Structures are given as C-alpha cells and as structure tokens.
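Each of the next two complexes has chain A plus one other chain: chain B in the first, chain C in the second.
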Partner chain A sequence: MIALPIAQAAVPRGIGLLEWLGDLDTWLGPDGILSSGLDTVTLCAAVMGTGILLALPPAALLAHLRRGELTATALVTLGRAVPTFAVAALLVPVALRRGWGFEPWPIFLALLLLALPPLYLNTYTAIRHVDQGTVDAARAMGFGERSILFRVEFALAISVVFTGIRVAAVQVVATEPIRAFLGGDGLGRYVRDGLGQNNETLIIGGALLIAALAATTSLVVTLLERVTVPHGVRRLRLQTASRRGSIG
Partner chain B sequence: MIPALQASNPIVRWSWFVDEWDQIQAALVQHLELTLLALGLGLLLSATLAAVALRYERGAPSITAGAAAFYTIPSVALFGLLVPYTGLSRATAVLPLAGYTLLILVTAIIDGFRSVPAEVREAASGMGMSSRRRLLTVELPLALPYVITGIRIATVSTVGLVTVAAIIGQGGLGRLILDGLRRTFWTPMTIGASLSILLALALDLLIYHAGAAATPWARRRRA
Partner chain C sequence: MRITIGALLVAMVAAAAVLVAGGGDDDGDAEGPTIRIRGQDFSESVTIAEVYGQYLSARGYDVSILTPAGFRTEAIEALRNDQVDLIIDYIGGELTALAPDAGIDAADADAIIATIGPVHEAEGATVLDYSPAIDGDAFVVRGDSEAQTISDVAALGYVFGAAAACFERPQCFLGYTDPGVYGIEFSDTVTIEFGPLLGEALAAGEVDAVVWNTTAPQIGVQGFRVLEDDQGLHPAQNIAPIISSAVLEAWGPGLRDALNELSALITTDDLVAWNIETDLELRESDDVAREWLEQKGLLAQ
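And now, the complex of A and B:
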C-alpha cells in the first residue's frame, strides 16, 4: 500500500450540475451519492454515539455533585479550537503502525475530540443550573440521589443537553468531509475529485451535498428533541430561558 | 505494506526537517499570513456587526443567529463553492476563514460592551465626556478582557482551519500534511500538523500576554 487507496469518481467532463444530480447513476452507482452519504452518516453516527456515552455520564455526575466547574470553563475555549485536520493527520501513521489501516480510525478519533466539548459542556451547564430549590424540594420529598439526578435534574436539563447534541452533530457532519483528503471516501469525495480533475460541477455539487447534510442533521436532532422532551418541560425551559437569558 | 518502506518511513525523519527547512519556513509564513488576514478581516466585520447590534438592541439576536448559521457551513463545502468564483486564490481561503471568526468575535465584543456597568457610563457622561471619548477611553478598555478572550479563541480555531485550506492550494502547513499523505511519507505530515498546533499555542500565549499587558487593572483584580 504505497499509494492512497483512492478511487476517483468517474464523471464526464463538461456535464452541468443539474444533469449530474439528475442522473440516476450519480446517486445509485457503487461510488454514488447514496453509498458515499451512507459512509458519512455511519461514521458520524458512530462518533456521536461514542461521544454521548463518554461525555454525558461524567458531565451529569459532576454537575450533580457540583464539582469540576473549572474543567467546564476550560472546555468552552477548547471546543472551538480543536484542529481536526492536524489531529487526524498525526493519527494516520499511528493507526497504520498498529495495523488499524489507513481509515477510518484517525478521522473517527479526531471527530470524537471535536464532539466531546459541546456534549460535556451543555450537559454540565444544564444540570448545574437546575434550580437548587427544586432539587431541595425533591430531596425533602424523599427522592434518593439517583432519582434526583435522573428524574429531576436530567429531566429538567434535557432540552439544553439536546442543544449540545445538535451543536456537536452539526460540527461533526460539517467536518467529516476532510476524511476524503485523508485517504477515505464519504461525501467529501466529490469536492476532492472535482478539485483534482478541475471539474467545477463536481466541486459545487459535492459542496452543496455536504451543506445539505449538515442542515438536515440540525433539523433531525431538533425533531428528535421535539419527540423526546415532554411538553411541560419544554414550556418550563422556555420560561426559564427568557427569564435568565439562554445558556444554550 | 512493504517492510523496507515501513522501516525507512519513521514518523519524523529529522534530516528532512533540516534539508527542507526553506519549504517548512515558507509554509509557516504563509500559514501565519492567512491567519492574520482572516483575523483582521474578521475583526473588522465583527466590530461593525457588533456596533450595529449594540446600537439597535432588537437586531442583536438576528446578527448572532446569522453568525451562528454561518459557522455551521462545512469548510470543505464553502471552499469548494467559492472556487468557481474566486479561483484557487488567497481570497477563496481568507473569506470563509474570516466568516468563521464572526460567531466568536461578535459575541465577545457584544458581551464585553454589555459588561460595562451603566453607572460607569453615566459617570463618564456626567464628567462631561463626549460619547466618542467615553467609548474610546472608558467603555473600550473595560470591554477589552472579553474581546481579547474572543480573539484568542478565534485565533486558535483559525490556525486549525487554515490547514484545511490546503485543499484549494493555500494551506501553508496544511500543504505539508497533504503532501505527506499523498506520498505516504510521514515526516512532512507530522511536521506540518505539529507545527500548526504549536503555532496555535504560541499565538494564544502571545495574545494572552499582550492582553494582560494592555489591561493591568484586570490582572490586579485577578490577583
């Protein structure tokens, strides 16, 4: 494996954008948009699943115990500063030496690093800001610590937790296309191939597809929140947010 | 994997670092130039937008929402979309990069000026300061710590994003990364990636100290 395992999408030159997007082969072929998109969605879903499992439990627990305020503050800065491309590049030789292959471990880990700060931060902040009076009331009513965490604090915080999930998911989906420049494929391949072949149709078409997937992701998480968050909690949160200024 | 290749392909071959120093230096300078151009343009735009948002309170939420929406546009997509219009040029790299700083900088500037207590502003006016003098000598210094924190975050994130601009042939250190990947030769890749992270940390530290020097009262309060 000396050269990168890159199979360039074969696209006739001089084809228009609508013509390219209107061709069924563009979508269904072996290197088609659907299979590339599925690659991207699968990786992003794996990153988000792992990120949620890793970030939410410690964030919820520490916020419940009211510890680790400083870690949370430091994460605000870190969240916007993770250099995904550089981190993934540094991991490529490591992954190869360990026999994990070129792909997708480096980009997976780099994206995970990108997803963790907003997930942790929003969960922590949301639970930390649950009204202490409510928690005390629950304790006085005989709620155990575990019940307080799950049935009072987490229930009241879930809307803001979802905001964190949305921010993280959109960032992950928006950044995943650099995978195409790191020896992988996914939805970023069209921009890469378009740049390589000097084919504007492919560049613009690929860019639009990536942007559309990012927008869809935001929409899907919002819908997921609608379905999951109980009506009463949502109303409560809106009232609290307008009173205090949103923390999302 | 050919064993011979593997053996001769360490993560960093230091002789390459020495031999190719000219190339590394050029990439580093280009990286710095792109970062500064994007930050300068971003700061200019952000100051304007924040001034509008502070003047017309009602417009503030839509300005921050607009900056937030821009931030979610994938960088690969944005670079790609601009290529047909601005070509593989420096503008194609700088415009999106400047746009990505808006969310951080606009929020920081607005927060900074909103943090100035109303009594302080009233006192300044009461002492007979014109509104411009009040802005420059009272409000701006008091807002500065917020603004500097914003600039630090924007700088670190821009240095990271500049590497991605290598895909349109502008990337500075990102070009070393792509070059190493294409040839499966780890040295330029490792050096490019490490230097971009070091550059981000160095600039962050520099701005932190410059900010501390510019706002001595804040340091005293912290101590």
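And now, the complex of A and C:
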C-alpha cells in the first residue's frame, strides 16, 4: 500500500520523450507500458474474438445462400455511422447504475459495434464474389453445400476475409484508448494523464505507443493470413498474378 | 481576380474604419476599446463570464463575450497574447499554474493575490479584488460514510477517484497520501474525467471518495457529503477578475470600481444556484446570468 503513491506519482513535466521511454520503470512499473499494453491487447483480442464469432458465420452463410445483400449493406452502413466514443460514454452511467462497474462492458460493446461492420461486410462480399463457375463446377463434382461453403468459397475468399479482420483489428486497437477517458486504463492512460497534467511528453509518447501497437496489429494479422491461406489458393493467386504480369 | 481581392480589401478597410468611427461616436461618457471576455469551457465559468459581460455591457462598456473555449492554461495564454482582455478565474488554480512552488499558505486568499498579482502585472494584466464566492476543491464521500474530516479517511482503506490532474498536485492526491499531511492509504485509485461521472462512480460504489468542486450541484442532490479539510490542504479558490492592464487604463478607474462592486456581490450560494440551473435544469448560461443580474437590479441603468 505504501508503494501506491510512488506508483501513481506523476511523470515530471519537463521530461524528454527519450528519457521517459528509456526509463525502465516506465515499462515495468505497476502502471507501466507493459501492463497497460497487456490490458489493451487483452480487451482488443476479446473484442475481435467475439466479433469474428458473431459476424463471420452469418455473413458466410447469407452470402452462400445469396440472401440479404441489401439488408446487410444497409445495416453495415448504419453501423459505421455509430460514434464509438458516444456509445461508450452513454453506456458508462448505465453500467455504473447496474453495478457492472466502469469496465469492461461499456467499452467492450462500443468497440464490438466498431468491429462488426468491416468483419461482416468483407466476409459477405468476399464469398458473394467467388466465381460462380467454380462453385457450379464443385457442385457438379458432387460437393455438398457445406463442402462448397467451407472448401471452395471460404478457401477462395479467405484473404479478403482477412482484410476485413485486419481493418477491424487496427480500428479497434486505435480506438481502444478512449477507455482511459471512461474510468479505465490501458495504453490510453498516458494520453489522458498528459492532457490532464499538461505534459506533452506523455501525450506524444502515449500516441506513439498506440500507433505502434496498431501497426504491429496490422502486421500480425497479415502474418496470420500467410499461415492460414491454403497452399493451393496461394499458388493459384501467384499464377494468376504472374499471368497478368503484376504482383499483388 | 487580383482586382477583386484588391477591391474587397479596400471595402473591408473602409468598413472597419466606419465601424471604428461609429463605435467612438456612439459611446456616451466613457470611451475605450472593446472588452473581450471569454469563459472557460465548463458551465460555471461560462455563466460567470456572462454575468460579468452583461453587467459591464449594461453599464455602457463596449463588451464582446466570446465563445467559451479551453481551460486555465488557454485563458492565461489568451490574455497574454491579446486574444482576450478579461478572464475570471479561481485564484488557487492561478497559484498552482503560475507559482506552484511558492511556499505560501495556499488557504490564505490575500497571500495568493500577493503572489499571483506581480506575475500577472509583469505580463501586462491586473488582478482585481477577489469575490467572496468560492468554488474550491471538495473531498466528497457518500452520505453513509463514517468520516467527518479528511483525516478520518486515513484508516478506512477507501478507493479514491479523481481527474488526472489531481494525481500530480501537492494540494490534491500527493497531499492526501503524504504522511506529513493526511497520510491516507487508499486501497486503489481510479482516474475519472472531471464532471458528473465522478458522482455516478461514487453512487455506484466504484469509488468511496472523489475530488470534486464545492459548487457541484450533484453533491446535494445525490446525498453526498463534503468532508472538512482539517489540515488546510485545499487552496483558497475565490473567483477574481483578471484584466488587461492596457484596457483597464484606457477605460479609467470607473471600470475597476464597477468590476470590484460586482465581484463583492457574488456569493458561493449564487455559484451553486447557477450550476443547478445550467447543469441540472439544462438552462442556457446567458439566461441564467441575465435573471440573476435583473434580480440584483444590476441591469437597470
């Protein structure tokens, strides 16, 4: 308990950015970058996991059945117009009155609303636009509907699905710091404390950390895509690309 | 294109000249530059700016009430850079901003004025008489707390909530936890945006104590209590007008007297009443200000 004031002691105002980032305590302390970053990553992973479970199956199924295209697009467009911060800020008092506390429900729901549109739309579009000839050929070869969806359509569409995951993940990671303004912590705490304490080093340092995490997220999803895309599909794409005389 | 811009410029200069000349002719006895007032971006400060602005306007001063923006840092900067001419600020906050290391009794309003006065004077601004109206820091707990003073909280293992700014200030978190002052051992701390969320968190039991301002209307409405600052940690937070010295001189001693008279009339209860009207009844600050001035007979010439 005695350690608390020291842990909470403010970062000196005149400190340089390198000096702050170079201090081991900045990284390892109880409110350090590593533990704050872990908070952020945990919440974002939970949001993305839930979002993928909620958005991908219905999107894939509806696209396979060629149903609900207009409804889906309309809902998604509407979803994109929802201001994340306003949603979270409106949910906080509700959560508090119900005894759920500041975290994690308000920010979790707000971020989930942010993640669902790109996940849903990319999956739907990807599967909807798989070459109809390929699907018919598979059907003629005796593929069942389930096999067509998983082994033909989803396999061919997977890199576009991953684009949706990457876009959603980067948005979620870059937006998660608003949590620090709503009674939580996470990486946004440095920007919040910097604003409140008039400390530019904290604001800039915090913003850099968030940007770095968002960039890392994008990279990680890309690597994940490399590992996941079926070998045959990747070879197919490379062949198509070289035949067109361009890469990518 | 060039001709058009040239013509426009000529027209604008001409219009400005007409305006300036017209302004000079219209004024009765007193003459001087427009007094630009800007409140800080929270309702109490906005209402205070409206009260001072409408009051001066009714007395024949040329006043422009600007759209509220920023907080103390921006207000002081604007005053120094000739963006505004009059701000009304809380003197304890001014002390923290301008002379944080001054070793004076921060609970003594006169000592604060003696410290911040010369700092402003050197930058071309004058601190006028402070008002009896105080919006100070308040250590707020739920109504059922067994504590009466802040010292009583020391052994209760409370969870503490406050805005980010509190955690670096000697008159706030650092003072509460300093063994030489209150020596409170909080079981946890939460950073909460300053405003109604503090009350929501306190009511929900997420935190057991928050630092709010004494005039927050929710304190009375939600049944919270302000604990006594028995160690005298909180600085005196009377409101005081700070005006550009050049503008003050241009208008003559009448302006100084007028502002001092108004400051003397405003009380802490007035601040609470204004905040209830703007924050809980959601009325406009300028209406609230006008009504108060009318009640006090300050709008009649």
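One rule holds for everything that comes next: the second predicted complex is superposed on the first by the 218 of 248 C-alpha atoms of A that agree within 3 Å, B and C clash if a C-alpha of one lies under 4 Å from a C-alpha of the other, contacts with A are read in each partner's own complex, and residues count from 1 in each chain.
Keep this in mind: a residue touches a chain if its C-beta (ideal position, glycine included) is under 8 Å from a C-beta of that chain, and two chains touch if they have at least 3 such contacts.
Keep in mind it's a predicted model, so treat the numbers as computed, not measured.
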item: First (chain B), second (chain C), both or neither touched by A:83; value: first
item: First (chain B), second (chain C), both or neither touched by A:44; value: neither
item: Partner chain in contact with A:96 - chain B first, chain C second, else both or neither; value: both
item: Which superposed partner A:165 touches (first chain B, second chain C, both, neither); value: neither
item: Chain B versus chain C as contact partner of A:192, first or second or both or neither; value: both
item: Contacts of A:200 with chain B and chain C, given as first, second, both or neither; value: first
item: If touched residues of chain A are counted for chain B and for chain C, the larger one; value: B
item: First (chain B), second (chain C), both or neither touched by A:178; value: first
item: First, second, both or neither for A:114, with chain B first and chain C second; value: neither
item: Set of chain A residues, in rising order, touched by both chain B and chain C; value: 1-2, 4, 92-93, 96, 180-183, 192, 195
item: Footprint of chain A on chain C - complex, ascending; value: 73, 163-165, 167-168, 173-174, 177-178, 185-187, 189-193, 196-197, 200-201, 203-206
item: Chain A-touching residues of chain B, taken from the complex the two chains share; value: 1-2, 5, 11, 72-81, 83-84, 104, 149, 152-153, 156-157, 159-161, 163-164, 167-168, 174, 177-178, 180-182, 184, 186, 189-190, 192-194, 196-197, 200
item: Interfacial residue positions of chain A with respect to chain C in the complex; value: 1-2, 4-5, 8-10, 92-93, 96-97, 99, 101-102, 180-183, 185, 189, 192-193, 195-198
item: Touch list for chain A against partner chain B, complex; value: 1-4, 77, 80-87, 89-90, 92-93, 96, 170-171, 173-175, 177-178, 180-183, 188, 191-192, 194-195, 200, 203-204, 206-208, 210-211, 214-215, 218
